[in-house]
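Residue numbering begins at 1 within each chain, and the chains themselves are lettered A, B and C in the order written.
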Amino acid sequence: MKEAELVIVGAGPAGLSAAIEAAKAGVKVMICDENQRAGGQLFKQIHKFFGSRAHQAGTRGIDIGQNLLNEVEKIGVDVKLDAVVWGIFSDRRVGIVHEGKNTLVKAKKILLATGAAENVLAFPGWTLAGVMGAGAIQTMVNVHRVLPGKNVLMIGSGNVGLIVSYQLMQAGAKVAAIVEAMPRIGGYAVHASKVRRAGVPILTSTTIKEAKGKEKVEKAVIIKLDDKFKQVAGSEKEFDVDVICLAVGLSPLAELAWMAGCKFTDVPELGGLLAIHNEDMETTVPGIYVAGDIAGIEEASTAIEEGRLAGIAIAESLGYINAAAAKEQKQQIYKRSDQLRDGPFGIGRRKAKEVLISRSLKQ
Amino acid sequence: MDMRIEEHPILGTLKKGKAVKIEVDGKPVDAFEGEPVAAALMAAGKTVFRYTRKRKEARGVFCAIGQCTDCMMTIDGVPNVRTCVTAVKEGMKVKTQIGTGEDGDTSK
Amino acid sequence: MTLIKDGFFDADELKILPGVPSEERLKKGPVVVIECAQQIPCNPCEEACLKGAIEIGESIVNLPKLNADMCSGCGLCVAACPGQAIFVVDMAYSQTEATVQLPYEFLPCPKEGEVVAGLNRAGEKVCDAKVLKVLAPKKFDRTAVIKIAVPKNLGMIVRNIQLKNSDKED
């Protein structure tokens, strides 16, 4: 059986950052991704990121992605694309189908950086062609350069809904409106203001009632919600749209962590059931780590920091970095992560992370 | 109808792969080698990719990253191929799938 | 309330921001207006300003504070702001007109001399605006900065443009 020091599942921002830190320290890293190209969702992110210089603020996600790929190549990480990791067994054997061929690799350490999947919202007509996830639209528009439709209704005003609305307009589509069930806009006001001043109404306390169409979306009906989230009869409004975009949150892709026997806990602020991990990103199963959206739904910038943290912790546990040097590097990462998990939008996530980590101590 | 985004304020002019022809339900469709089949179909204005087995309901692309399987079609005789993560090749024969594509059901 | 309910500021919400200059300062000539109202982790504007006129400090969620007397209205911070929340306003441009510099990331990009529609924060057409300058150096990383002239009373109202030939509004 093939052996590896570190197998990383997922070559997105967290996985690539971990690979870079671990490989820099001397760890032999194999990183697997089921896609044809590494970078995860970064190549959909064509906007400038927030943060400070240390978080590459002001740089577009696509460029951050390219920088990570360049660095991985320079260091010489073994990147396996078209590589589906289908299982993890006891004693850390990893089942991989790479380019159609099945192999088992025995790993000293495993990092799961599998990311997240989009949530769905069920309503009459939600299965019609033209009802799509926000990430799907980003993929089609920003990666494959194809518009899924010309007139779009956006469901959800979190940062994803606001950013994807803006990106649809950049690509030449019209956004009829953004609807939000809550009485206030979910995402950053700066993102909301950008689309609003471009003429897109943001309708709070409103939801989608129905998608109409024979086989594909032809119309969308929205309806006001009262303060108990009940639909207000008679307040319906109809839009001629060919796409309804769902931006209603993400859930961690944690199947492999379940399979590996990791203990889970519910942390609603971070997207639901999460594998419990400690300050080193190690789960309750020794040698298995998590980083990025699988460890709590946040942003690419925090995923990069968590990946770095896991990479350093793994290099330390394999004896490539001494405890003092590792501690210093980790302290810097904790500081940068705390900077991102601050303010009214971030402090809840910081507290939720602290709860998640505290539960690892009870195990 | 072409839904391709030729010019983009951030991404610039579209860099296309090699132009190829694929066959979709017996009709020729222009595509670019290496792009996902789903993207080529969407560019040509096709939105319905398959019909469900029991109720024959139309389905199209939902997640575009190989997770949801809503965009499955029959490609070169093989049913249930995820078109969003399958690359276009010259001469590929793509068929709108009815049901599982395996039980000979061709009626809508 | 308007900001978090509708996505744009009402006049009162705007006045209290530490990044918005006083009326007296606005009358004196070009100055930036930082329409950043929420404590989000972000500080590129502080670094973009060569004059040190924008202060955020150690905690990057602090709201940007403008020292308006140090600001020359050069506009380097406009394209640097990932939230596109910074504008340069010159209320002393002429007897009848003010100028506004705003970030723009759509196609087609307007040309100098072109007359476009001036939109307010809610995206409504409020005037015609003449494009005076289009700046898009490499440093701005694909965010163009468009300088327009608008009627003087609309210098603090116009925050976007729409091209005349665009079919976006009927």
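Some notes on this structure:
As a working rule, contacts are C-beta pairs under 8 Å (C-beta built on N, C-alpha and C of every residue); 3 or more make two chains touch, one makes a residue touch a chain.
Keep in mind it's a predicted model, so treat the numbers as computed, not measured.
Here the two chains linked by the largest count of contacting C-beta pairs are A-C. The chain with its Cα centre farthest from the Cα centre of chain C is B.
A straight line joining the Cα centres of chain B and chain C is 43 Å long. Chain B has its Cα centroid 25 Å from the Cα centroid of chain A.
Once the centre of each chain is set as its mean CA position, chain A and chain C turn out to be 31 Å apart. Contact with two or more other chains is made by residues 105-107, 142 of chain C. Residue numbers of chain A whose C-beta contacts span two or more other chains: 60, 170, 172.
Residue positions 8-10 of chain B each touch two or more of the other chains. Across the complex, chain C meets chain B through its residues 105-107, 109, 142.
Those residues of chain B lying in contact with chain A across their complex are 3-5, 8-11, 14, 35-36, 38-39, 42-43, 47-49, 57-67, 84-85, 87.
Remark: chain A residues 47-53, 55, 57-60, 169-170, 172, 174, 183-185, 188-200, 202, 204, 339-340, 342-346 touch chain C in the complex. Of all the residues in chain C, the ones that touch chain A in their complex are 3-9, 35-44, 47, 59-61, 80, 82-85, 105-107, 119-124, 141-143, 159-160, 162, 168-169.
Considering their complex, residues 7-10 of chain B touch chain C.
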